[in-house]
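For reference, the structure I am asking about is given below.
Chain naming follows the written order as A, B, C, D and E, and within any one chain the residues start at number 1.
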């Protein structure tokens, strides 16, 4: 999985039928310093994440291991909202103290 | 999934038999500013996208999660035509206002 | 899928048993200008492609969606010989006019 | 698989239900000289690895080949704690002599 | 598949149970000139390759298409020992003449 920050949403009317009801979030990847990378993904949201939150994304067939998703053409999903990231002996991120 | 722009088509007569009837679009990836990246994919079109449109592409086994595609040797599919992309508090793309 | 050009062949006597009879082509990836990239793949040939031809390659589990390949340890296959590539309003490649 | 070093942990309360009980380790990839690369992964731990240890990570559907993981949305797992890495005629890493 | 050269071995005592008996080779990727790239993989050996040999590696779910491997958490396997690589009209590599 990778750390990412929710940046926005993507809306589509004309899509593969099984994608109806799937919410697409635009998430931008974070490096191990918590800084935004140029890489992004459009991910199916299965946890109700909001803009600005740090999340974990799963890519590939793992993104379809969620009830009702096994036959949907998605390759990336937001599977967790991050509370804390600890790195070595310190804290890289704590949602309660996030002011960015 | 990734954002991409439809740039053209690829035609092949001699191909794996199950690919008959599959339309191949050449799509170029977009960065999070909506600019064309050097990377492209040749994707199976399952939504009827046209040249110039912004689309979502799914890669890997997810590209075969469409009726009749499960046994076809494809690894990328155009699964949605994008209407709008919202980033932070603004709009990155709106199909109705697209003049590019 | 990606566009590639057939550059050569790879021969192996000592291999996983189910690979007997599989022809391995060395294919070099092409960018969206039709120029050779430094990246290559060794691909199972299921369409009878020859050196110098432009082909489409499928990677991942999609490369095994061909009769008799589902249990073979391959991750890339040549699945189509390209006739034409159209980009925007022009032609990037036409097999009949190929002189490279 | 790739060599990586365990750097920390990621904690999430709000996550896809099947991820309950999965421990997420932040692991940083190592190059073939044993140096830390900028790339990292958040991996499900199935072997009880600790911060500072060298591990092997498996990505993609292989990360779910562990009892109870087949339906969980994970794409990376720590599958082994490394004892030694031998390169050509020398030793690149020996856990007993690790002082880093 | 990709061309790689066997550089060494990785040993682990504490690992996912189904990995018992799997031999891990450290293989370094080769470019299309036969030169070592900085990228490497730790691959399950299913053909008995030795240090210094050129091999083909398969990645992803294809690496588990070998008897007894389908449920093991591996994502890369050495599936063939290379005899010859022919590029355009010449030979890039011939195992019998290899003196590197």
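The rule is simple: a contact is a pair of C-beta atoms (placed from the backbone, for glycine too) under 8 Å apart; a residue touches a chain by one contact, two chains touch by 3 or more.
Predicted, not measured: the structure shown is a model, and the values here were computed from it.
> Fit chain A onto chain E over the CA trace and report the rotation angle, somewhere between 0 and 180 degrees, nearest 5.
With C-alpha atoms aligned, the rotation comes to 145 degrees.
> Taking the mean of the C-alpha atoms as each chain's centre, how many Å separate chain C from chain D?
The computed centroid separation for chain C versus chain D comes out at 33 Å.
> Mind checking the centre-to-centre distance between chain A and chain B? Centres are C-alpha means, answer in whole Å.
21
> So which bits of chain E are touching at least two other chains?
60-61, 63-64, in rising order.
> Following the ring of touching chains from chain C through chain E, in what sequence do all chains appear?
C, E, D, A, B
> What part of chain D is in contact with chain A in the complex they form?
Going through chain D, the ones touching chain A are 7-16, 18-19, 24, 26, 28, 38, 40-43, 51, 60-61, 63-64, 71-76.
> Which residues of chain A touch chain D once you look at their complex with the stated criterion?
On the chain A side, the touching residues are 1-3, 31-32, 46-48, 56, 58-66, 77, 79-88, 92.
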